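Dropping the structures in below, format is structure tokens.
What follows is chain A paired twice: with chain B in the first complex and chain C in the second.
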Partner chain A sequence: MSAPILEVKNLQKHYPYKKGLFQKPGLTKALDGVSLTIERGETVAIVGESGSGKTTLGKTLLRLIEPTGGEVHFKGRDITELSAEQMRKLKADMQIVFQDPYGSLDPKWTIGRTLEEPLRTHRSHLSGAALKQEVNAMLERVGLQPHHGERYPHELSGGQRQRIGIARALILQPELVVLDEPVSALDVSIQSQILNLMQDLQTEMGLTYLFISHDLSVVRFISNRVAVMYLGKVVEIGETKEVFNNPLHPYTEALISAIPVPNPNLKRERIVLAGDIPSPRNQPSGCAFHTRCPKAMAQCKTLQPDLKEIGSKHYAACHLF
Partner chain B sequence: MKPLLEVSHLSTDFHTSAGKVRVVENVSFTLAAGQTLGIVGESGSGKSVTSLSVMRLLPKKRAVVQGSIKLHGTELSTLKDKELRKVRGNKIAMIFQEPMTALNPVFKIGNQLQEAIIQHTGKRGKQARELAIQLLKDVGISAAQQMMLSYPHQLSGGMRQRVMIAMAMSCDPEVLIADEPTTALDVTIQAQILDLMKELQRKRGTAIVLITHDLGVVAEMCDKVAVMYAGQIVEEADVKTLFQSPKHPYTKGLLQSHPQLSDDQQRLFSIAGQVPTPAHYGDGCRFASRCSSRMDICDKIPPAVTSFGDSQHSRCHLYGGEAHVSAHTGS
Partner chain C sequence: MNNTTKRGFPLVWQRLLRNRMALIGLLLVMIWIVLAIAAPFITKYPPNEIRLEHKLLPPSADHWFGTDNFGRDLFSRIVYGGQVTVWTGFVSIGIAFMIGVPLGAIAGYFGGVVSNVIMRIMDTLLAFPSLILAMAIAASIGPGLIGALIAVGIVAIPEFARLMYGQTIVIKEKEYIEASRAIGVKHLSILRGHIFINAFPPLLVQVTLGLGSAVLITSSLSFIGLGVKPPTAEWGSMISYGRDYIISGEWWMTLFPGLAIATTILGFNLLGDGLRDALDSRR
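Right, the complex of A and B next:
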């Protein structure tokens, strides 16, 4: 196997916060030692509840948020040590698509201008006509027409705007794309259009995806591997099919059992977790999940479990194993 | 079973700068005590406007609501505002998707809850306070005393929704209209809230109208389902029939678009195009432009409703329809 496209080692993002005037500041551990490898051409999904740190992870990988510790190796190079200028150049290869395309598109720019902008920055040798051609080709690639380039974001529907969000990210032909909840704001019928589109583009352009989502049915469809996050840590990672069929961590088990299935004849035993995800400011001691875990044991309160390989390429951080 | 809530031929028009726009057209449904009706549809299908019309919560100057809404046989649509206030909150309550916007940010939970109790039950002071605490306990908030003193921003999304449910339940309503109550919540919290709603329904016999876009939630919660598209109910059936043998191509499409949890799928089914705006509904079937079973007639004539047994009805030309009463036929 060739070298992985992305290797994340012990990535940390700690935010200091003031406890009180005379006290030492505390630390909010948004990312607390995340390690992850992504192979070229695969789709790795990150799932977890709000507050689990999945979006912070996506943004830190692109250094849209600066990490406070750890390493991110992109194609063998540690990008956390790059200068701003070097990083800017590298951004042509690493792109991101956000959940709300309306918030990430400039309302005063035409779609055409939004799509030209990355080309102007990274491919400054292109002439005006060539720019236009590239933009039109990209619009068609995402299932729109050249005339959409003359429109403004508010003139498009949610699905069309997300197509633009994808076009903007892909116009520089990146290698790695972080997709942060790309279909969460869309209706089911539009969601399936966009998921199919993303899959087609991946094959055509040889893309590697990091797919962040809270929707497990979507993740089941699109990803090859899935990492489950809880309070800034990866608690389980493995091949998607294996994780869904045979979840190891009690948190993963509960997450999967909580998904409402569109089949009224199916009566499943649902594991309902008590309470909410704790605030990352007061992380529970030991295993962070022990406060909600139906299978918690004495040692879970004090001892933090490490990520261990339990099945083939299937890792979990839990004292049960 | 005698229906508790009976909505018939409900239509809602909005006055816009472009003239009158019909957002909900000829919607009818009934609901018995203890039953849950799901209204499913995509954005722009008119499901929220339907519920706001039933509650008469739309601004009078902007919206014209026609049709009949009966609760226990009493017509609500002709009630005076003052009389209506006795019904709304007391007998029909509503919860919304985003509890943060439905709660007042500058008042404590306890004050807001007691306000609702004082308005509707006539209980005052200590009695109102005790009832408020009891309601919070009923919705699974163990630290109820402390919750009374909290402000909405101090609570998580799931807790806020519990408070909303407690408030809606404060008058023991007969009908609860829940508009996307769990859409903004994480799956684990969604499971808690859905369980809570089911439990309250079992204890109190509340009828629930559940508005949602999530077919999974429908399958778990509802007894019967109305599928809305572009302002109309296009299919109606009991929940098992709807999932087992959907008749309308839109319902079929929706069900197939949903990614499966159990299988490997190479490709998702998708419905081409998007929901039309009221200006683009056209003369015929409103789904025609996206429909894979489209026929010539679909563009020209609006389909009539065909019934399959007592419980399933579908608005589609594929099944002929019983009565082609339409101005467009020229007969």
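Right, the complex of A and C next:
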């Protein structure tokens, strides 16, 4: 097996915040020791509730947010040690598609100009005609026509805009793409089009995806492996099929039991979690999930569980195992 | 409605022309600019020609606005004075724009110490009433057109810096800025390409309103003798000469330059308000 394209080791993002005038500042642990390996060509999904740190993880991997600890090895290089200029150049190889197709395009720029921006930044030698040619080719690749390049974002639909967002991320032919909830702002009918488009492009261009989502049915469809996050930590990770059929962590179990099923007569056990996700400002002691866990034991309150391999390539952080 | 097909400049233009007050403002401003440019062709008398035998003549067919205490034709002087006013207005606001906007953009974009240093200096400048500050600067440079230009320009810098600062803070949090950073676009390109372009509409309004106050401050400086040196015709200094003749009944010496100042400022303000409405993308 070849070397993994991305190796994340104990990644941390702690935000200090002021408690009071004379108190020591506290730490908001948005990411608290995340380790993750992504192989070339696969799609790894990150799932979790709002506030679990999944978007922070995606943005920290690209250093759009600077990590406060840990390492990120991209193609064998620790990118947390690169200078700003080295990192800027590396961004041609690692890209991101944003959640909001409305906010992520400059309203004053034509689509063509938006798509030219990555090329002008990283391939400044290209002439005007070559730029236009690349942009038109990319527009066609994401299912649009060259004339869309002359339009402004407000003249396009949400689905078309997200196609532009994808085109902008892929026009430099990156190797790793972080997809930050790329379809959650879209209608369900458009979602499947965009998902299929992303899958086709992955095969065509040999891309590796980190797919961030809270929608488990989408994750099941698109990903090879899935990592479940809770309060800035990965609590379970494994092959998608394995995690969905045989969830280990009680949190994963609860998430999966909440997926709607199309058959109303099918009886199944629904695990309802009490309360909301705790604030990352004052994390519960021991296992962060013990406040809501239906299977919590005495040691969960004091002892933090480590991620252990339980099945084949199936890891979970829980004292039950 | 054909609003859907029009965008950018044509749309703003169309909205502006539909606004009666803005149209009046545009007309007033245009009249003064055209008069200033056409000055040599529409005046009968040179503005500085002293003919004491014709002094203090009331308005007539020959001297539309009358003559002053040196027998100079007031119409000529007002039209030529408009040249000075228009010129100082545009140059000083141009200076303020070119210094204030980059300062505000840098302060807003980078934040931290840079922002504190720049914006506290701007706050200090804003703490003085603009006329007092302009007087102090003009007085320290010495009377003359250049001194007035610099004084008016410096006074207007913090207005532009603060506006741009606020705009930049809002715009830099937009996701399209993060998208550009994710691509690896350099800071300068982000500032120029995204932030400046998105901040431009309110800046344009500020330019128009700033031109109005620049006219007022320039005239005020000339009125107290800190602006343009005599005998150059300037509206503020003309009022200053006419001041002594109000009681003796030669009202035209103050009325016409006063009207010129008032209509110019009114024009710029109406145009600025109209532009603000026309550029409002929420409509």
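Note that the second predicted complex is superposed on the first by the 321 of 321 C-alpha atoms of A that agree within 3 Å, B and C clash if a C-alpha of one lies under 4 Å from a C-alpha of the other, contacts with A are read in each partner's own complex, and residues count from 1 in each chain.
One rule holds for everything that comes next: contacts are C-beta pairs under 8 Å (C-beta built on N, C-alpha and C of every residue); 3 or more make two chains touch, one makes a residue touch a chain.
What you see is a predicted model; the values in this text were computed from it and never measured.
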| task | Quick one: on chain A, after the overlay, do chain B and chain C clash, or do they fit? Just give me the call. | result | fit
| query | Vertex at chain A, arms to chain B and chain C: angle between C-alpha centres to the nearest 10°? | reply | 80
| said: Under the stated touch criterion, name the partner, chain B or chain C, that contacts more residues in chain A. | reply: B
| request: Name the contact category of A:P16: first (chain B only), second (chain C only), both, or neither. | output: neither
| request: Check whether A:R168 is in contact with chain B, with chain C, with both or with neither, and answer first, second, both or neither. | output: second
| said: After the superposition on A, what does A:L105 contact: first (chain B), second (chain C), both or neither? | reply: second
| task | Would you check which partner chain A:K89 touches, where first means chain B only, second means chain C only, and both and neither mean what they say? | result | second
| request: For A:P294, decide between first (touching chain B), second (touching chain C), both and neither. | output: neither
| field | Which of chain B and chain C A:T121 touches, first, second, both or neither | value | second
| Just chain B (first), just chain C (second), both, or neither: which does A:L62 touch? | second
| query | After superposition on the shared chain, which partner residues are touched by A:P264: those of chain B (first), chain C (second), both, or neither? | reply | first
| remark: After fitting on chain A, the minimum C-alpha spacing between chain B and chain C in angstrom comes out at 6
| message | Touching residues of chain C toward chain A in the complex: what are they? | response | 7, 174-176, 178-186, 189, 193-194, 197-198
| note | In the complex, chain A touches chain C at residues 62, 64, 87-92, 95-96, 98, 100, 103-109, 117-118, 121-122, 152, 165, 168, 172
| said: Residue numbers of chain B touching chain A in their complex, please. | reply: 42-43, 156-159, 186-192, 194-195, 213-220, 239-240, 243-244, 253-255, 257-261, 264-265, 267-272, 274-275
| message | Under the definition above, what is the set of chain A residues touching chain B in their complex? | response | 49-50, 157-159, 187-193, 195-196, 199, 214, 216-218, 220-221, 241, 244, 254-256, 258-266, 270, 272-273, 276-277
